[in-house]
């Protein structure tokens, strides 16, 4: 018997989910009897996602893995899908109170804490820092912001006014905002983008870093960035950032297929599967790039 | 009178217009409707699930979700204006409604004591008068929509600003306010009346989704207003020739303000209904819906230059967009190609109308 | 009929209007009495339409005062002028192309039927009345046709028909006969006669000398924004008026 | 001639127009420029860093990033059209350019052998003719833009579809194609010519960012084209009265196609420049930039009803939007309030112009 | 001058045009010879403008054939008609309101100066020539003013001035004198005379009987889309034409 599993990202225009999709496709091929359908809203917008879930229910797919765009909205959709006999798991972003069977992904609070900890370890002497976030509506990003703030609370780091800025997942805007933040506070000690956006535009990012190279080399300006896509690792290797903390989207894609298949086969699955975090600095970047 | 009636005023060179060349059969709306029917047949062959009852219910519900706002925007488009703030406003009104609903249902919040009390167990919240909170919160949501519409209308009609710039500014303002009031988090309907709220927004009557019923009622009302009241006539006149409307003594300023208010109220109501269905009013809800809403109106035959449009066209446009979206998912078209196909089908649908006007 | 004993219905004093560097009107005084037909003539660009638009509340004058029926008035919008009883046929006709002829005639003054609390448009009554008005003008214009598709003269008939709806005290017609055919011209002139008989003041702007001399009691000639002559019709001649219009004769 | 010249044709009632009531001083562009200057002074007091050299360079670069596309869209707006596909097209052209660049630089890819060979070390890729790959790939990017513009123009001018629907469809089509060709991943410029590419797009000449220089050249060209060629005159005529333009023998179809092609080329070029600066052409690049671009043009004084607009206005509009964005970050305004303020300032800026026209 | 010996420059046979249920033209035959001035008269909505628009390539006829200078022609767009030498003054003037008077006169036929490979507009020359043309018409119209701000007669002068730019073989004027003042009317009539002397065929549509009788060699009367009369001017009278227009006399 073959199974059709749908994997629904929050937004298709985010490269993060491309990696998850690749993981899912690869695993589906390996398993042989599984088809992976990748489809979600183009932009991050909850109502559209809910409608897509509805269509998958109509189509009677065999299982759904959802990156939840809005908890309350998805809770209802998940309920509807479950009622139609379709098992649902979540990945990347969870809907804790819902009828989803399992969650595969990162603990976003921990993610934020890890970012903060990296910064505190790199520069215990502290200073002013700013956060760049993606969109004000995203719950997982809000958790990361909270995590960063929490882990830096006891340290000498203080957040500047006007932080976080929101780049709407637009790489160009993220870099422009970083430049503006630096201009607004010339003694800014660190910027923590809690997503990989600025580095998705490597040349623009390099141009920004090069302008501040002196301060970075002198240890006066630190960049700790979230996510560990390949281009980001290369930038870290070349000295364009101090540290990266990454999730494992590829693994999320793979595990989604495994978990759904296990559920279909009647197996028992753990409710929460954390895919873990990669903490990358100069020391281990070469190894990660392999 | 001096002159003798040599030849009576008559219309000997004017025939009867054939019924198939009149009204809807001679309009873009009619031909897009035709394209829609063709598309539905195609979708039926592309996916066996398309014409199932469940899917038809979904389609009916989904298009009703943008159709009410489209009715509102159609008013604005007929006057020759545009309203880009509908998407943001849908979110903001929904947010205010759920915030008020939760707020009034939380003992201890200001004013809440008027509406709720704690049950004997000291935990369950009980409404003093069931349904009152619901009414108050919906009124609150519509009230902010009303205000936004008033500001839009004031800037455009009284200050004479361009509708595009004004409503684009408002798009930004309202979305920003949504973040401010909810602190970026969005909000959830809650409290003892939430169940009524869900029943009213995502329930159905004999299998017909509630939003669809509202839509039908509003569309019929709109048809009457547009074609059988002087307000409607003035709306058309404004779109046809604003100068002339002013000269013939139509209260141009008032009519303009009214259409923007109507549009805002429709968007607000739409947002409230969506949030009931979603069970939440997230801060990024309805992002960039304004383009869909305007596109639906225009595809259905409303003319951005003003003077043409109507409720049937608005609905046909919305159904078309929804059938394309739903159909492509059901047909399991590769998601990356889907977006391309959406564009192609939109263009083809309006092309049908052009072919008609070429032929005559 | 040009009676000094009655109070003038319209009285302008020192009216001036500038559009940027163009002085469209300069220091225009005039009076119009009830039941009087005044012809306003002048070269193209002399300022006739501008004067009409000022009286109709379309522009605000840069200088001067307007008195209507004895009291000073400040019209901010055309509706203000309409309310006190000024009806205008504009030179550019002011029609909404996307509406039918009947709808245009009744624009802003729709006939309605009550259905309980609702007042809905009475399409039939409006069409019937419009057809009647077009018939009075001998114009073959169909009430249900869109104005967009009409010939120049049919459009003008629609604009003229409008003035017949209310009991105006002053009717201003800016070249009402420019586009219409011989037999309608006669109808318009006889319409002006009827208005006059009802005691309505009429201001007729026209470039057609015979028309002016056929119906007017008095003729006013404008040139480059200034009033050059104001004469009872029987004290002047077409030749003199032509000379005044072209500037061959400076003033009279 | 029979008639004697009784009075010469002269203009005794026409004075000289004062210089401050003519040209730019009597246009929306002029007054928005004024608002911009006021805003800049306000920003100066809000943040001491606003007027630093570094920040001014940033502002100059950032606004040049949308200004070239705005110049293109201004052409379309002057003819009374609209082009919603610019954002998607920016992305798609950039993507094609980088894909071609990387493709031709990868030994083994079809055609690559014509352009590159491997150096002696067997690893380093060396261009056969330095710069050739760059030229070919930029031409490829512009060629797709050209095609898209042609399709837009064809649908609008020849088939007579509404510009809004056509370009909205195209927005979707082009974005979808971007996902298809890159499999959702976007693409990166690469190969031996990438450095030239970066130099041309994110380099500067004596401290002036390269995009700014291109912008100035293009804006000057546009000014000449609009006001001193018959093409420009026809563009204005089309916007003023399309019917009249047709009747006086203007090749309306050709002019319309041309403006959509120009607009598409400008958007394509803009996208290529942005991708050079970013070092990447992500699949979500320039999402919803179309609204910013059109807003910039309209704020700068272009009229969506057609017939009015120009390069200076387009640039002023872009600068205004960028100064608002940059200034609010510098002033460390709370991010939730920022979006609200952006809207408010946009509306206030165009309000300045209305106050002027009220006063005269 | 109405010479059967010369070949007609324009020959229509069986021209018909329907707009939906409206039969605007039905089976119209006519000929116009070089150097001949033909008056086209008829009630409002008789189909005169529609006929002009068909000849000018603006509409395609539903039936019938047009021959120009001997050969059958099918104009798809107005530019086609202009290319073979047909100039038209449209009833609605066809002006771009956002351009200056000079720009409107030269629309589609701009004067240019070469700067190496570039051909830039010669604003000065166009303004000078436009002023000259307006002067010829005795119209006080300023070349650099926007058409939007002009009076009705000034607009008409702009539209008429256009026809003077090329060496046309047929000039059709659809009510060219409707909005203009006495002295310009004389100029337009004398312009028609000059065109006639140069051997240009002229078709004049007008509701002004005296004008038609002053310049036309032949008059054609239309009624409800049909041609009712086609007579040399000296064989008819204003009274007869009026009767034909109003339908009092069925045909002649």
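Residue numbering begins at 1 within each chain, and the chains themselves are lettered A, B, C, D and E in the order written.
Assume a contact is a pair of C-beta atoms (placed from the backbone, for glycine too) under 8 Å apart; a residue touches a chain by one contact, two chains touch by 3 or more.
Here the structure is a predicted model, which is why all the values come from computation and not from measurement.
Trainee: So which chains count as neighbours of both chain B and chain E?
Mentor: Touching chain B as well as chain E, we find C, D.
Trainee: Quick one: which chain's Cα centre is the longest way from chain C's?
Mentor: A
Trainee: Give the label of the chain whose average Cα location is farthest from that of chain E.
Mentor: So the chain farthest away from chain E turns out to be A.
Trainee: Counting in whole Å, what is the centre-to-centre distance of chain A and chain E, each centre being its mean C-alpha position?
Mentor: Measuring from centre to centre gives 72 Å for this pair.
Trainee: Compute the distance, rounded to whole Å, between the mean C-alpha positions of chain B and chain C.
Mentor: Inter-chain centre distance comes to 43 Å.
Trainee: What whole-number Å value describes the gap between the mean CA coordinates of chain A and chain B?
Mentor: 35
Trainee: Quick check on chain D: which residues sit in contact with 2+ other chains?
Mentor: 14, 175, 179, 183-184, 335-336, 338
Trainee: Would you pick out the residues of chain E that each touch at least 2 other chains?
Mentor: 22, 138-140, 183, 224, 246
Trainee: Which chain A residues touch at least two other chains?
Mentor: Only 12, 42-43, 136 qualify.
Trainee: What does chain E use to touch chain C in their complex?
Mentor: Its residues touching chain C are 19, 22, 41-46, 48-49, 91-92, 138-141, 149-154, 156-157, 175, 178-185, 207-209, 224, 242, 245-246.
Trainee: Help me check something: in the complex, which residues belonging to chain E touch chain D?
Mentor: Chain E residues touching chain D: 56, 58, 77-79, 82-83, 88, 90, 93-99, 103, 107-110, 112, 119-121, 123, 134-135, 138-140, 142, 162, 183, 186-187, 190.
Trainee: Where on chain D does chain B make contact in their complex?
Mentor: Residues of chain D touching chain B: 84, 155, 159-162, 164-166, 168-177, 179-180, 183-184, 288, 291, 294-295, 298-299, 303-305, 335-344, 346-347, 350-351, 354, 357.
Trainee: So in the complex, the part of chain A that touches chain D is made up of which residues?
Mentor: 12-15, 18, 21, 42-43, 136, 160-166, 169-172, 175-177, 179-181, 183-186, 200-207, 211, 231
Trainee: Of all residues in chain D, which touch chain E in the complex?
Mentor: 1-3, 9-11, 14, 224, 227-230, 233-234, 236-237, 239-241, 243-251, 307-308
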